[in-house]
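Next, two complexes with chain A in common: one pairs it with chain B, the other with chain C.
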Partner chain A sequence: MSAPLILLPGDEVPSDHLPSNNSNPLKLGPGLRLLSQPSSKPDATSHVLTATQAGLVTTDAKRNTVSILSFPNRRYIPTVNDLVIAQIHHSSIDYFHCMVTPHTAHALLGQLSFEGATKKTRPMLKQGELVYARVLSVGVGAGAEVELTCVNPATGKSEPGGLGPLVGGMVFEVSTGMAARLIRASSSSAEQGDVIDGLAVLSELGKKLESLGGFEIAVGRNGKVWVDCSNAGDSAIKATIAIGRCLQTTDDKRLNPVDQKKLVTRILREMKLA
Partner chain B sequence: MRPATAKWPKMVQKKTFDRPRRDSSPRCAIRKMSKEAPLSVAEREFILEALRENVRLDGRGADQFRSLNLSFGDEYGHVKLQLGKTSIVVRISSEVTKPRDDRPFDGLFNINLELSAMGSPAWENGRSNELEAYVTHVLDSVIRRSNALDTESLCILKGVSCWSIRADVHILDYDGNLTDAACIAIMTGLQHFRRPDAVVRDGQVIVYGVEERVPVALNITHKPLSITFNAFNEGHNIIVDATRKEEQSSEGELVIGINNGGDVCFLSKFSGAPVDAMEVVTRSNVALEKVKEINAQVERVMQADLAKRAKKGMAEESRAENDR
Partner chain C sequence: MVGPTASLSILSRADGSASLKCPTTGYNVLGSVNAPIELPARRDALKPEEATVEVFVKPGNTTAGVGERYVEGILRSVLQKVILGRERGFPRRGVVITLAIIGGDAVERGDSYLNILPTLLQVSLLALLSAAVPMSMTFSTALLGVTKSGDIICNPSAAEAKAASSLHVLAFSSKGHLLLDESQGRFEFEQWESVRERAFSICRGMATPGADGDVTMGDGGDEARINGFICETVEDHLHRDYSWKIDSA
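Coming up: the complex of A and B.
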């Protein structure tokens, strides 16, 4: 693993920072763009990867991805393949009109873009309900429509798992940077240890709340985290609030892993869960 | 000349308006003032369910305020208030003007509040919304009309000149409970503000600069603050200092303006689900407790700041070397 590399918008990603796995095509995450560079020789245009946002270059060798880990800004700009938590605003014949971020143009989610959905079995989502969806396309230029999907068009399955309507639970707001870290922390395998990206809060909560039946979490890149603890019975609400408070405090105060563990212990004791 | 009793805070009572409600469901948020993004069904249900168990999203008790943080700018009467994530700046300013013809002994006092797009993306610049009118009305009633600032003391020369005090409220960030936060900030600003000294000599009004004479504090008759209560679950849960999400899932609110002495100077139940009459009585006791608590904190922070200023001022004067 090479030293951490910070890029500014317009900087090229050096090739030694790219994953060396050649069996899969390289996938680009948010904050990067592939540009073709005309060279002096004809028929030999070379391609370069440049950053569109300032941030830390992060790679995942197993999934062969490279992305930019940006600063925790509050504004979310949709990027293709991002997982987001969207709220249904209204529905029309072909589409559900969803809010990904408040006070911006609605994103479209096809009425049939759900796993196994046909005209008769499609989910009847009402205003204010939540869906976990993937950004399918963002369009080009001003006024372009963002399209969401809850299904992989190639396989007809909800990939990655868990896409679809979110029922019950509670949504907490975090910064977009925190959401990105949470996604990476929850998708990385446990062999890397407890601390991923300086985040110990999720694994610590998982350990402490295991006796209550664990919890379900869905992280949207638009800075929303959906938490559900319905297995916990009577203490479900307290556990949900405890998780939300731990995540938000970690985000607001930028706690390090040691403080995160202390925070989890303190909040669980405060909520009389531990 | 106004009777002396007019100085005392008047009891202003607002009756309950029984406005026809479009939504028959009591759970639905009545407050549709600001065009904030609507809450999702899950969030609303969860907040109500949690309140049924007496738990709030940030772990506070029902009668607990968020952490209140007050700081002062370089000049007198420049207050920055932070209540949880709600953030407000208040600037008090003064100028000499002509008093109104029908009130030659009174100075002027105005509160200006504008919701700009800086505070929340739901607000538009230059377009007033219902929330703005509502908050302005409450602030006006609690602070201005209860005579918290003695306007008669602002008179310089009868019918000719008087002080005009102006409080400008800027909302930097909005996370619920605008009314109480703005009220605390304005009252703190008024207590902190110092106006230039002015005297009348041979029928001439002379205003001294702050370097010439020590500026004068305003005459505060009493310190009223508003406390907003939000009701949930058919009036079973009543909380203070609601966040934006809590406000959005609330079924109605009750505002009590009260001072340290327990004089209620404002009481309103504008809209929303009805609240039991006994609740109003018990909540005014809670409000009194909160007002005493907040006023004590304001006093503490302000005295610390004024002491710092006095020390700095003296150090400046007693310095051996001076600018030539």
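Coming up: the complex of A and C.
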């Protein structure tokens, strides 16, 4: 692995940082664009990759992708297939109008885009309720509407599991970069041991809170984390707050795995849970 | 010379923010960027395929007036050229930049706004970077004054700027192009040319290509190289943000 490369907008990506896998075409992630460079010969144009955002260049040799990891506190821009936590703003005949990020147009969630929903048995969501949804489409062209869904249109099941209304629990806000890390950490936790993407906080909380009945967590790419500990009985509220504080402090203070474990121990002791 | 100090992503609710303190002029500016957001009144803007850039300048001790409107216009025209408003998620949305002057001498009504313009531009660039707004390039700015005796002073203080016969603000892109040239006062064209060369060496701190293709080294020795300062600030911050990734690699 070569030294970390940080680019500013307008900088070219040096060709020795690109993955050298030639079997499938190179894919560009966010923060990069392809520009053609006029050369002295009239019909020979060369292409350069330039950054449009400041960030760390990351490459994936297996999938042959290159992208820029920008500042983690940036605003979330909806992308197809992302999982988000949306809040219902109001409902109309066909759609629920949901808020994904503040100060942006409402995203649309079909009244029937839930598992097993029919005209008679559809969820009656009220203003302020939460749904865990997948971004179905972001539309074409300028100012298009974002559409969400809680069901896979092909199978009629809520895939991946857990999509749908979020009942109970509490939502905490984290940075969008942290949300992306949490998603990766929780989706690949089983095989890779304790620390994924420098995050030990979730597995540590899981171990410490197992005696209370564990907890449920849903992470939205829009920087929201929903936590529910309804199995914990009397200490459910305390445990929920403790989990939220652990996640937010890890995010704000950029803790390393060792400090994350210390933080979990300290917060659980302060909340009289351990 | 003491260089400026900057910090990034200091406000938690804004998408991007930065503050910059310039020791020689004494100005301290806090900037925040929210993008892309919905502008309810602008759904059918003049350029429907692009983002609308809005800039607000707020003096620390009074209401914004004509001077602020004027400087907002300059900032908007520079930033609009640099921001890529057609990137995904940006068309028909707004990029709202709010700059609050939180330290330094107040700009009196009717006074020149050129003193503070470089700091405002620098802060808005850092805040845009921290909000990950797509941009085609970065830029760096310099404030230069020409005294009555014809000497060029870099980053003049408020008193020096008042006494100077002319004031110049220049901005260079990261590719070395001149992006902005605002001047006031009386000056000769040769003077402006030497001001431009000096500003280039302050901003870029590197070789200035001469007219005959030769390369003369800029005298960026002890003067803060603004371009390098912006790079360092951003790189430092990203290193801390991604220490989990860089350390494990």
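Just so it is clear, the second predicted complex is superposed on the first by the 201 of 274 C-alpha atoms of A that agree within 3 Å, B and C clash if a C-alpha of one lies under 4 Å from a C-alpha of the other, contacts with A are read in each partner's own complex, and residues count from 1 in each chain.
As a working rule, a residue touches a chain if its C-beta (ideal position, glycine included) is under 8 Å from a C-beta of that chain, and two chains touch if they have at least 3 such contacts.
Because the structure is a prediction, the values reported are computed rather than measured.
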| request: Could you look at A:Ala54 and tell me whether it touches chain B, chain C, both or neither (first, second, both, neither)? | output: second
| message | If we overlay the two complexes on their shared chain A, which of chain B and chain C does A:Asn24 touch? Say first, second, both or neither. | response | neither
| If touched residues of chain A are counted for chain B and for chain C, the larger one | C
| task | Determine, under the contact definition given at the top, whether A:Thr265 touches first (chain B), second (chain C), both, or neither. | result | neither
| request: Go through the superposed model and pick first if A:His103 touches only chain B, second if only chain C, both, or neither. | output: both
| query | Where on chain A do the contacts from chain B and from chain C line up? | reply | 102-103
| field | Contacting residues of chain A [partner chain B, same complex] | value | 87, 99, 102-103, 126-130, 166-171, 226, 237-238, 240-241, 244-245, 267, 270-271
| query | Within the complex, which stretch of chain A touches chain C? | reply | 1, 4, 6, 8-11, 31, 52-56, 58, 69-75, 77-78, 102-105, 138, 141-143, 177, 181, 197-199, 252, 254, 256
| note | chain C residues touching chain A in their complex are 8-9, 12, 15-16, 34-38, 43, 48-49, 82, 84, 87-89, 91-93, 129-138, 173-175, 230-231, 234-235, 237-249
| task | Could you please specify the touching residues of chain B with respect to chain A in the complex? | result | 36-46, 49-50, 53, 55-59, 121-122
